[in-house]
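In what comes next, subunit A is part of two complexes: it sits with subunit B in the first one and with subunit C in the second one.
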Partner chain A sequence: MIIRIETESDIPIYTQLTNQIIEGIARGEIVPGDSLPSVRSFAADLGVNMHTVNKSYHELEKKGIINIVPKSGAIIAPTNKMTEEKKQQIVTELKPVVAEALVLGMSQEEVQGLVSSILEDIKMS
Partner chain B sequence: MSFLIFFIITLFIAVIQTVIPYLVNRAVVFGVMIPVQFIEDETIKKYRKRYTICVGLLSIVILGIYLGWVFSQERLDNQIALVGVVIEFALILISLSFYLYYHGKTKQLKQQNRWAENLKPMKVTDLSVRKQDEMLPWYAYVLPILSTIGLLIYTLMNYDLLPDPIPTHWGPSGEADAFTAKTPFSAMQLTLLLFTMQFMFLGIHIATKKSGIKLSATALEASRNRQLSLRKYSSWFLYIVLLGITMLMSFLQLMTIHPEIGDGSVKIIIPFGFLLLVLVGTLIFAVKVGRSDKEVGSTVKAQIMDLDEDQYWKGGMFYFNKNDPSIFVEKRFGVGWTLNLANPLGLLIIIVPLIIIILIAFL
Partner chain C sequence: MIIRIETESDIPIYTQLTNQIIEGIARGEIVPGDSLPSVRSFAADLGVNMHTVNKSYHELEKKGIINIVPKSGAIIAPTNKMTEEKKQQIVTELKPVVAEALVLGMSQEEVQGLVSSILEDIKMS
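Let's turn to the complex of A and B:
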């Protein structure tokens, strides 16, 4: 899968990496059991600092999306059952975004439409 | 003989220097990154053409003068060699000056036209690109290293057969022309030298493999082709050259122990064959890699460009980027690799073996 980083974006590079890897899994471009490149080669290929990649991998590990196995590297974790705790985490992250959309003038239907179209975009490809 | 060797090498340098602008990475013009959208610019084409015409014409003139000088009257071999070396340096200096001139002009052109503005800089990589890498495995180097160990043991077993003094240098005709007193160390000198070179080449190989595979956001397929070709062919070329060096030096060592194997034309043919191998290998390598990104067409739709890394390239020649963990990166003007000078590991791989080689040679 292709990773594209916008270097002048306000979003830090490690967050862009994390987001794109998650999206790649959601789209099925990488599947559980696939391994991600080593921190060193990933950083070298992108020409970024190793800390940046490291930070992103640790973030993914904390979210339970990858397992970091010593010697074999970072492996995409199998999809587990949704726990109450994980659900709570998504709600905490999504709520402010939805609230912001409403404050900025989107209607309830528009927000729902937006989520559906994002879902469709991810699942279609 | 020595004229022929110098003429071929000089001709070779001249040809390569002349065509470089057409072999380098498509997105880099005279060491300056140009967004792909503007790569077909007429002024850029004019600069490339002018460089090639100027360097090409001057090379022909210089080679003609060398030819005339050699055949105008009887010349000594070492005179021919000395002038040959001076001419090779002159050619490199000339092409370097033209390069620097057009490097400045291209930089100016890019600024004046504001080519880098209004385009969103991007970095890109493919998670599966490492799986497509076709570099030789490191253990290919075990073979020549084992053969050197064998040679070392054989030398020590036949220590009594070695002449006193021991030859340490051979002229272009294959005759030894420098000697040193026979000691156990001087007997092993050549094999130790070979040993150090083999480990240096192995170090370069591993460092290259660990270095980044840099893809372009605006020419994904072309850049992938070029990076993978560069890695594959440079690893083969490095290995073949090392095999050549191993055979050449093993031959010299065996000839010292058993002078009869150097009888006849063998001692001229082997070094000459090695030279030919290196020159032809370089040519094939340069053309293969140089063309690898020219055949794949690409159209850029979006207003994006590759991250402008000009700031890390001093004069478009020396790379200095602390954030890049790569030890080697692709050269900007030329075909091949250059060191990331901000990475101390790279300096270690090159400098330590060089120091050891110098120490062995002068001890």
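Let's turn to the complex of A and C:
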């Protein structure tokens, strides 16, 4: 998996890292049971602060996407059945973006079309 | 429009405010040309720091959702035609959430179903 950090972006670096790891898992480039690099080596490879990698790992853990295991490090969590709690987490994140798309002038059909193309894009790449 | 700030939430207060304003516009409770309250009075009403309201207004301005006009304050921007730039902004925000939903165990169909129900929810409420 190739991580691209854009230092000029408005998106915080730890969020860029979190998002790219999630997208890497969604594409199947890394799978449950795989280890992520240690905070120290990942930070060195990416040329970012260790604190940034640490913040990203903790965010991924809170989302239920990795488990942080003492001595073993950050392990991609098994995909479990969708729970109501996880569904609510997704709704909470999805709703403001869907509302924003409508406010910026997209129709309902265009929003659905965009989601379809994103799904295609993730699965095809 | 009723704003509900949850101080116990993991979501930063300025983001909660930004999201609820966007959803209020999406539901048509506030419309282009309407003014948002002044930073000072909104902060007092919500019992939050003025800096928090200010940060939210600047985020809304950057997203193209409000215009901050000297002396007039924060005005809901007219809905213009969707530009390629705005579409990219939505894709950038939507893609990590869609990827997260897949990683957490949703199928593509479930993601699309969730988006449909969010669209219904916004339009019906």
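Definition applied: the second predicted complex is superposed on the first by the 125 of 125 C-alpha atoms of A that agree within 3 Å, B and C clash if a C-alpha of one lies under 4 Å from a C-alpha of the other, contacts with A are read in each partner's own complex, and residues count from 1 in each chain.
Everything that follows uses one rule, which is that contacts are C-beta pairs under 8 Å (C-beta built on N, C-alpha and C of every residue); 3 or more make two chains touch, one makes a residue touch a chain.
Just so it is clear, the model here is predicted, and its values are computed rather than measured.
After superposition onto subunit A, partners subunit B and subunit C are found to sit side by side with no clash.
In the superposition on chain A, A:68 makes contact with neither subunit B nor subunit C. The superposition-derived angle at subunit A (between subunit B and subunit C) is 130°, Cα centres, a multiple of 10. In the superposition on chain A, contact is made by A:5 with subunit B only, not with subunit C.
In the superposition on chain A, A:44 makes contact with subunit B only, not with subunit C.
Of the two partner chains, subunit B is the only one that A:30 touches; subunit C does not reach it. Once chain A of one complex is fitted onto chain A of the other, the partner contacts of A:79 are limited to subunit C, with no touch recorded for subunit B.
Between subunit B and subunit C, C touches the greater number of residues of subunit A. Measuring only between alpha carbons, the smallest separation of subunit B from subunit C in this overlay is 16 Å. Looking at the complex, you find that subunit A touches subunit B at residues 1-8, 24, 30, 36-37, 40-50. Taken together, the subunit B residues at the contact with subunit A in this complex read 120-130, 210-215, 217, 220, 307, 309, 321, 323-326.
Interface residues of subunit C, counted against subunit A in their complex, comprise 10-11, 18-19, 22-23, 25-26, 62-65, 79-82, 86-87, 89-106, 108, 110-112, 114-116, 118-119, 121-123.
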